[in-house]
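Two complexes are shown next, each including chain A; its partner changes from chain B in the first to chain C in the second.
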Partner chain A sequence: MEDNKEPKENKRREFLKTLGIIGAAGASGAMALYFGQQYEKIKSGKKVRLLTVDNKVVEFENGELKEFKGTTEDFIARGREGIPGKSWVMVIDLAKCRNARKCIGACQNAHHLRPEQYHVNTLQMQDSEITSPYFMPKPCQHCDNPPCVSVCPVDATFKRTDGPVLIDNERCIGCRFCIAACPYSARIFNWFDPKDAEKFANDPYDIELNVPQKRGTVSKCLFSADRLRKNELPYCVSNCPNGVYYFGDKNEDAVTNGTTKETVRLSTLLKDNAAYRLMEELGQEPRVYYLPPKNRLFPFPEEENKKDNHV
Partner chain B sequence: MKSSFILIVILSLLGTYVKAQTPWVVPDDRKGLLAPLKFSDETRKLGQEVFNKTCVSCHGHPGQPDQAKLVPAPKDPASKEYQQNLDGEFFYKITEGRGLMPSFKKMLKSEDIWNVISYVRTFNKEYVQKVGAADSSSGITGKLLSKLDYLIKDNKIEVKVIQQSNKMPVIGVKLSLYAKRNFGWLPLDEMRISNASGKLTFNYPKDLPGDKVGDVNIKVNMANADGTERTIIDTIIKTEIKCSQYNLLDNRAMWNVRSKAPIWLMLSYCGSVLAAWGVIFYIIWILLQIRNKGAKV
Partner chain C sequence: MDEKTKSGIIHDILKSVKLNNGFYVWMAFLTVSLVFCLTAYYQQLTTGLGVTGLRDYISWGMYISNFVFFVASSLIGMLISSVLGLTGQKWVTPITRMAEIIAFAFAAVAGLVIVSDMGRPERLLNVFLYGRFQSPILWDVTVVTTYVMISLLLFIVPMVPDLAIAYNNRSDLPKWQRLLYKLLSLNWIGSEEQKALLHKAVRILLILVIPVALAIHTVTSWLFAVTPRAGWNSTIFGPYFVTGAFVTGVASVIIAMYVFRKIYHLQEYIKDIHFDKIGKLLVLVSLVYLYFNINEFLVPGYKMPKHEAVTLHSLFSGGHAIMFWFVQLAGLIIPIFLLLLKKFRKPTPLLIIGLFVFVGAWLKRYLIVIPTQEHPFLPIQNVPESYTFYQPTFTEICITLASFILVLIIVSVLAKVFPLIPIQETIDERNNKTESHEE
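So, the complex of A and B:
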């Protein structure tokens, strides 16, 4: 009997041991299963959004962290609302423009435009035969009474409370009524697939930047509404090397030069230089003012540069 | 008569020629200014970035003949004539500007300008840098205390500057007044110099709009000896001029879709359509009555 006792005890110990091992293995297996499942969830497209220390929302997807840029719907909802209390205006000093075309390059780059497409272009002007020619940058005039908005049948293009006239290419049906209505020829049509179409195909559509562009829709200058939201000067304004552009808030009566960063009173600048607006007689109240090309700082090049211009 | 006319023409042409060729004189007290930092590979790298962004479009790439064709012609930074400038002369010319050369006082910080100078000096093999004192500022030492009063009735701003240590007024300090606007600071009055009691008065514009409640963020900058400025007061004053905001979408004929159309327009349109149909149906009804009467007879 004594002999039998020991193996019995041994058996119990053995049993407890195995139980312990099985228990531990089971727990770790379950844990592994659980975490595996969680990982699968994330891997299978379940996204986690995080706020980083510098206040950026990042999205956790496929085990990789990337910046969350927002959805098309968010951008459209935000872009329809103007920035409260602002009334953006631009002043272009024709005396300083020497056709450096940096504004055009920066604009085309930001809005994914082909080289032959312009939101802003510098035109060669000569008012009469015996007067001097000069260069005139011409963006959209962002009229307060815009005929392009009045004719749009689908409410794709719209006037915002802070001034810019924007376009929603998710709504645009490509009828081109607005192109016909605009007396400044400020609008362009995407006849072909936009530049780098495949590269940006999956990006959310930013209505304030009009990117990615879409074939069969109209595009136009947006006063760089995306930059204004970040309280930065528009692309063309900040990239001009010759101090041609002033930009600012009419409510504050101040505009800032994009090159020299000099801030001046808007009313004084316009009065002192006898500023004018293009085709004022149409009553469209454009938001772009021109200072006459008086005392030009650059002589007009006779042959040079001429070939660069698409008029 | 004719000869005097020709003489006048020649003299005036000579005048413009002389004007174009006037050497750029830098005041003696600014000439000897030295960089407060030792030029290093890092300053040269930062300087090159600033140079490529702000200077290349006119001065071209150093050593290459791609300068802009202007009158007077911008100098190639690698040229001997350009490198003859002292560091202080460079600093003065970049901060102040002249003619086509813009003033970079508002655009670049003083460190940025020194970085650019350190970069362009790489094109001068013989250059040896002399380092200046660490603080190249106004010559006014010690911490300053300042007080600002806005006299709303006279449209004046009074500023008083005293030394923190001995409470003595600071005499001869050069101050400028600015108001914050969306993309920069708007200069409000010319530079003023403090008097024997450390006081000075700025004229404040009568018609400068504030924000919705009339608040304006203003700052007072003190001029340093090197032509740059540093802020000594940054505060908000309450003015009576509120900015006039109105909704751009009111009273505009942009009724292209039904959701934007005003009720009076919808009612008058629908009313006139109904009225037109009403008249047509009334005439048809009368014609039917005439026909019925005719059938009875």
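So, the complex of A and C:
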């Protein structure tokens, strides 16, 4: 639980600062200058001196200086490339989920979502009448054969080499064909101005976080691509109090539990627990594996069951 | 045919082209209604698509079903002019131009309807800048624009001789109108060479429009059929949509025939026999469509697989049942039976049946688009009640009405400014008839 809401914000800021103030020039190659480690306020209070990368001291009006977070273009250029050599997968242990909804809260907070907007939603499932009900966290399945990507007319939603399906809300035209095509109901749309739209209006767009959200565009679970970039576990995974989520790299055959931080062999975990994927028969090749809800660790609240169940 | 009958025909048909007060009043009414409805669109632009009843689960609604309906209606140009025209059905002559006007108007406005459904209409150009050929939307954009162009040509090109006649016979018209006729008649003098060229050009267009028309509606059906959703995941959606389109289109032509015959006093040209024939045509296309309906509903209905069953139940006996049975009975089955009887193929009964078919056809698109989305594979949970069903809002209805008003404006202007009944073809046909009589 080291990553609750506040430090997370700070971490993100730290990351952006690092990117902007120290590393952006190198990372993007497009920036010739970066604004230095040391700056000195001149006594008059109106000018500041900064050290450039090529060791020159330059003078600026103080008021013009702002923290540099990176540009939308840089974020998009980087975000469309996957992280080399990685193949991210998620494992969700249904036996452990008790609908704490911490994953949802952390996710909605990170992605500036309203309470009714879900990148990950925990559903109450019951497969047939006398079988047992269970809770099922449902993020985007990040299919390897994603119908949403196939139908997108403008390449706004795309599949990355390291697995995640992302969305570029600078390009999305809002036709919602991807929503129609997704069998997992994993996508949402910004029907109105997003939450706190004015507060973040001038921020650069981080495609790996899909923030700031934009009215008239689609949003979705991103496997927390911004956190993966920093070698951290996704927001939902690290905020689960019950050890439901495992996340990791299929190439390494290792996944880490977000609660216990225990790393286990992916293939063994799947094999030992008879893992399955949602609606395998549709052939979308999801990247999210479920461990069946057997020996569940909690009683199911009977009266809550079936409520709001609209299928 | 003597000169007197010929000039009589010309006089009759060209009687309507002068803009009169009635036309101005009608256009003023349409324009005011359009402006009113467009304020709704302004509201949608500034607030977001949230002003509609659409939400994350039912994210395609009235706009998309209306789009499908418009594309469907536009197919009539191809059916009347090409399929019937090329197979030598002479009776269609007086209604070909009407059909082309309807086809052009619906196809052109369909493009706008789809823009009204976009969350980011200002990014429309992205479709051309970043277009992916894997997406059926790109195919749709391509074929719809092609079809609009061919329909426009099929309206203008066969009219060239008529425009020359109009220019020569109506010196009383305003300057702009005469100039328009002169420009569009392309120096037509009716020489043999010109006739041969025109014949060839029209023939090429008539043949060309067939695959394009089939393509627009097939591709439109694929917007649904390429998704894995239960209810859309159907292999017969292409022909199902195309045959349905013919039903819609014939109904719109029947309505247009009745209205124009009345207000332009064309009883001499659009006769009872034309209503009789098009009534029979409606029976034919409805029977074909009924066949596809039986396949589309009975086959999954027999098996009732889990996910399709939920949608089918909502149609057969659930929340959409009244609309579903109205569409099937009043919009399809009852018209078929009534139209088998000659007395229902007279103008007025046929108009009433046509209106039912037209409304039924619109509702049918609604039933194809919405119920499937109300029942996705995974349950809809933890969202506000309004997310679980679809209820179009006033704003949405206004914007949809705007598209119909736009169609009416295009149809009214084209049918007013240009001769609605093909003059030259009518003369030629009556000539042929008298000649074959004399022989």
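Simple rule for what comes next: the second predicted complex is superposed on the first by the 236 of 311 C-alpha atoms of A that agree within 3 Å, B and C clash if a C-alpha of one lies under 4 Å from a C-alpha of the other, contacts with A are read in each partner's own complex, and residues count from 1 in each chain.
Going forward, a residue touches a chain if its C-beta (ideal position, glycine included) is under 8 Å from a C-beta of that chain, and two chains touch if they have at least 3 such contacts.
If you're wondering where the values come from, they're calculated on a predicted model, not measured in any experiment.
Of the two partner chains placed by the overlay, only chain B lies in contact with A:T260; chain C stays clear of it. In the overlay built on the shared chain, the residue A:V151 is in contact with chain B and with chain C. By the touch criterion defined above, A:A197 reaches neither chain B nor chain C.
Once the two complexes are overlaid on the shared chain, A:G174 sits against chain C while remaining clear of chain B. In the superposition on chain A, A:L123 makes contact with chain C only, while chain B stays out of contact range. In the superposed model, A:R215 lies in contact with chain C only, and not with chain B. Residue contacts after overlaying the shared chain place A:R187 against chain C, while chain B stays out of touching range. Residues 150-155 of chain A contact both chain B in one complex and chain C in the other. Partner chain A is touched in their complex by these residues of chain B: 54, 57-58, 70-71, 100, 102-104, 106-107, 181-187, 207-209, 211-212, 243-245, 247-249, 252-257, 259-260. Touching chain C in their complex are the following residues of chain A: 116-118, 121-125, 138, 147, 150-156, 171-177, 179-181, 183-185, 187-193, 215-218, 278-279, 282, 284, 308-311.
Within the complex formed with chain A, the residues of chain C that make contact are 47-50, 52, 54-57, 59-60, 117-121, 123-124, 126-127, 129-132, 134-138, 141, 223-224, 226-229, 310, 373-384, 387-388. Residues 82, 85-87, 100, 102, 144-146, 149-155, 159-163, 231, 233, 241-243, 247-249, 251-254, 256, 259-265, 297-299 of chain A touch chain B in their complex.
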